[in-house]
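Order of writing sets the chain letters: A, B, C, D and E. Residues in each chain are counted from 1.
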């Protein structure tokens, strides 16, 4: 097994990724020649208008969808190899919990499959993890007894529990209230700062993207492509105080403008 | 053979109060020959009915006749498709109601040989609503049949001058005779020894038409054997018939013992409700009379003439036309050879 | 209850079609052991044949779900076996498998396996795509995906299949007793002989035992479902 | 293909059980019109009886879905009818419905209705709770909820039911021809007479026509499903 | 038919609403004696920690769940009557679109049922509505051809199209990117300012709640109850510029503090 995969984050490298879907017979290009590199231990957020192809790109990196053109490599390995090493943890856009498993057992799920790849891996303590997610009292509940936000947190815990070198998260915090969201953000920040996994993080919140990321990737729609990339040069470790820094404000304005521009172009 | 659950039912159930005749033994060579022929499976076409070619087989087993001749006979009672199974080498013996039934089948299945015929009366009857006074009255009426129309019934109608095209032949689900007396249907082709006899016994008014009344010559029960088995083990097949016909004679002489015993067997096999004693007595009363009335002697023997007549009848009144040469279908000598010049059944050691 | 009253009414106005309930009960209490033994024979056929149909049907569904090619290859065969009148092939079965219980089990299997197969296959495929994604990203093996996701997820469909298959297994056992030669009789054989002799009491006593058998099985199934599928809201009216 | 070779092998080593394919084909080409006419009769029974089973089964499912009490009242009755050996009730059907085609249709219906009923009921209940909420808040009537939501939503289950019911309708027609009183027409009657005369060629020619009939129906069903249920991803492997 | 229902927003009045769920046999009180009034034409946001009972309260008002105690009235009518008049439009927490209907037909759904209650009602033009939601090009697509955010917008349009006097929205914007979300917010603000429907709006975004609302209701968890209500005294009509006002900042801080307090108490 590739040792680098378990000791720190892995490099994610997508090259010339193009994806078309057929809508009533006619192919629609959803991703057009997308290049994206996430350095080992880098935190990259992806932001962009609804329907621009963010989830599609994430699914291609995760090996869940085949690109029509282009390639993806994780630490130089093809995606199927990386998958074999459990290199990636996925938080899908919907919680997708199993109704017959308790909260605890849902989170344990990824540790219970492909157990060969657990060797030498730092499996987190489920109970601790869920307690830190504010679900300490809900360990033995079942998904249908949880609110939407609680379910989403369980889905996040499920991706964290086997501590994969790459985390792929599709809008993980969108169903959370602000405070929980803040807590989760800071939790993720701590978590990431302590173990430096590589993260691809899809979000709709510009401040969230800035707070967390080394780089923010802005995508444009029709066809989906990378419009611009902003390096976030704020000192690490970060905490809530970054929100107050003038640099933060600047990034916020810059990225919001980028977003607006991207959407205006799309409407012309 | 070694199938599970074969258990006690196919094993011999000695008849109470009857002396074992094992003392009359065949010579060692004949015994060994019969043993070497292996297990003989007999399929009853109607469970534990007190009928000729069924009850006598049970009795031959339980009187020890088969044992005496070193025959290993297994009875199969929950049987269906007996002829197909004999044809497919899965069983050795079975019986049917009359010669046309054999001919209908052997036209397609050429691995079956008829070895014994029990009488010259056809077992069928047409039972009709009491308003039907003559067969002619059936024109325009509904006549029920189970599975297929027996050629003898057609012959009977034709002989009575009935225009067959005017009779509404209707397939029915089973031989339930009450559909006639209740008026669901006008008449049905059934068996004289069972449905007709049972209605009579209940005192229900109905019209009964027998083939003989219309002057149709026919036959009663026929015992069939697998042709391959017959060819390879002719002497063993002969011994099977020897024991069976001895039992048949025993049942003609000891009616109550036989009927009661076979009915007891039915009860032990949880079929007591289906074969109540009074019904069994009725059946045997009618059928034993047919055996006694047979114009062909001795017991079980048959002649080319009666089979030619049956073949002619089948050819004319069945949809099966190309009946094979009777010599390939019927063995006329096997049973005759069991008797001595005085028509006495030859029993080894006697 | 209302059914019972309607029955008596019809029985009295139509004495030759169906007998009064009292006579049926009497017929059973007259010779309970015969009914009991025949019931046991039929029960055994239902249990073995139906059980095998359930196991085989589910296994086939799993194989067809995992290997698309097997579905292509086997589905037409299964289809062909399904539409073949068992009554016609029964003698061939006896030839192939002897006079024991085996041909009867096979007839029962043929009649009961199909609902299990089709429903289980639908259930195995109707998994939540999100969870499938989560498992595929960690390279869960086919077996793990089956065991952790498809197997429990297929249970609601499987139970719907059971609900169809169990009555069919009972019917299958009855049919087997009509058509397959063999040793033991059973309720079906009893009913068919009784019907041909116009023995209404025995016929309907036998039929009523079939009904009781069916209702007992279905009641057991309902209880089982409630215990096993508490997490499922299919089949229950949404609040 | 492989099936054909296996068949020939068994046929030649076991000539008294199944006939060679050539003989079967010959038997059909010798008298094609007899086969054709019997096929038409059976087809009509399948179409009318099966069609009625589909319509009635779905209607019953709708009623049971809408009125819980009807399910309580009718399900046991349906269950009882299901497990009653049709062979036993066939005579009663003739008493009630005469010697025409009606008893045959009824037998076919009894055999085929159950999978439709159970599957449709499951489908009618498995609606998306969110959409149900949206409709309930605007006081959509039962009928509107049915028509806009439950009816289309139940179609995937309904089709799974069809896939089980259609072979059963064919079997049902065969059984009806075996047991129901009336005209002795149709493939089933042909097979039953041929079998009782040990006429292997005709028996298996009839059986093979049943198989072809079944495969044709299922192929048609698959095409229909693809046209109607294009929006459904059940039953198709997720990408 | 109650004329008031179609000409302007209706009053929503919940009194002493209590709701318990059974978890493994033991009843858990999820809502405890909740009183809430939404004046005719008032815009009320509900905010609170994940799992505090917001969706439950909304479902009780919508008549989808029965309260164990307490009552709800819409313009003095019981909920079933209000439902009969199509007084309420619902945006559920998941889009819940019908896979066999196109985008356009999904939106039309509520207008096609209970058509008696359409009389005298101002049905909006679907195509216009969807175009204003940025889905003008997707009218004939089917739900599975849409991204998560696009689906959510279709669900919102479905609640708007029959212009009900009361709108009940459960986190309608959480799956949207910031810009689209801003557009939707302003669109909702315009829409509301022009017709003054009564709105119950569940959100996790404090700024969003302030921007839109007349009052912000803060709920506390375990058991769910109303912790505090903040009147938002910002001038109407509002637009994005309110974000810059010092008053806005004040509200933001106050409500955030309230949230934090509520969550702290829960943890003790």
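What we mean here is this: a contact is a pair of C-beta atoms (placed from the backbone, for glycine too) under 8 Å apart; a residue touches a chain by one contact, two chains touch by 3 or more.
Source: prediction; values computed, not measured.
*Asks:* So which chains are sitting against chain C and chain E at once?
*Replies:* Touching chain C as well as chain E, we find A, D.
*Asks:* What chains do chain D and chain E have as common neighbours?
*Replies:* In this structure, no chain contacts chain E and also chain D.
*Asks:* If every chain is reduced to the average of its C-alpha atoms, which one ends up farthest from chain A?
*Replies:* B
*Asks:* Computing the C-alpha centre of each chain, which chain sits at the greatest distance from chain E?
*Replies:* B
*Asks:* Counting in whole Å, what is the centre-to-centre distance of chain B and chain E, each centre being its mean C-alpha position?
*Replies:* Averaging C-alpha atoms per chain gives centres 85 Å apart.
*Asks:* What is the distance, in whole Å, between the centres of chain A and chain E, each centre taken as the mean of its C-alpha atoms?
*Replies:* Inter-chain centre distance comes to 29 Å.
*Asks:* Based only on mean CA positions, could you tell me how far chain A sits from chain C in angstrom?
*Replies:* The computed centroid separation for chain A versus chain C comes out at 49 Å.
*Asks:* Where in chain A do residues touch two or more of the other chains?
*Replies:* 93-94
*Asks:* Touching at least two other chains at once: which residues of chain D meet that condition?
*Replies:* Answer for chain D, listing residues that touch two or more other chains: 14, 16-17, 87, 91, 95, 129, 192, 195, 233.
*Asks:* By the touch rule stated above, which residues of chain B touch at least two different other chains?
*Replies:* 81, 84, 88, 173-174, 176, 182
*Asks:* Identify every two-chain combination in which the chains touch.
*Replies:* The list of touching pairs comes to A-C, A-E, B-C, B-D, C-D, D-E.
*Asks:* Give the list of chain B residues in touch with chain C in this complex.
*Replies:* Listed in rising order, the residues of chain B that touch chain C are 1, 3-7, 9-10, 41, 43, 47, 76-82, 84-85, 88, 90, 173-178, 181-182, 194, 198, 267, 269-274, 279.
*Asks:* For the complex, give me every residue of chain E touching chain D.
*Replies:* Chain E reaches chain D through residues 59, 62-64, 83-86, 88-90, 92-100, 109-110, 112-114, 117, 142, 144, 158-159, 162, 164, 168.
*Asks:* Tell me, which parts of chain C touch chain D in their complex?
*Replies:* 3, 17-18, 65, 68, 76-77, 79-80, 82-89, 91-92, 95-96, 114-115, 118-119, 121-122, 125-127, 129, 132, 156-157, 160, 163-164, 167-168, 170-171, 174-175, 178, 188, 191-192, 195, 203, 206-207, 210-211, 213-215, 218, 233-238
*Asks:* In their shared complex, at which residues does chain D touch chain E?
*Replies:* 128-131, 133-141, 144-145, 148-149, 152-153, 231-233
*Asks:* Show which residues of chain C lie in contact with chain B when the two form their complex.
*Replies:* 16-17, 27, 31, 33-35, 37-38, 41, 90-91, 94-95, 98-102, 177-186, 189-190, 192-199, 202
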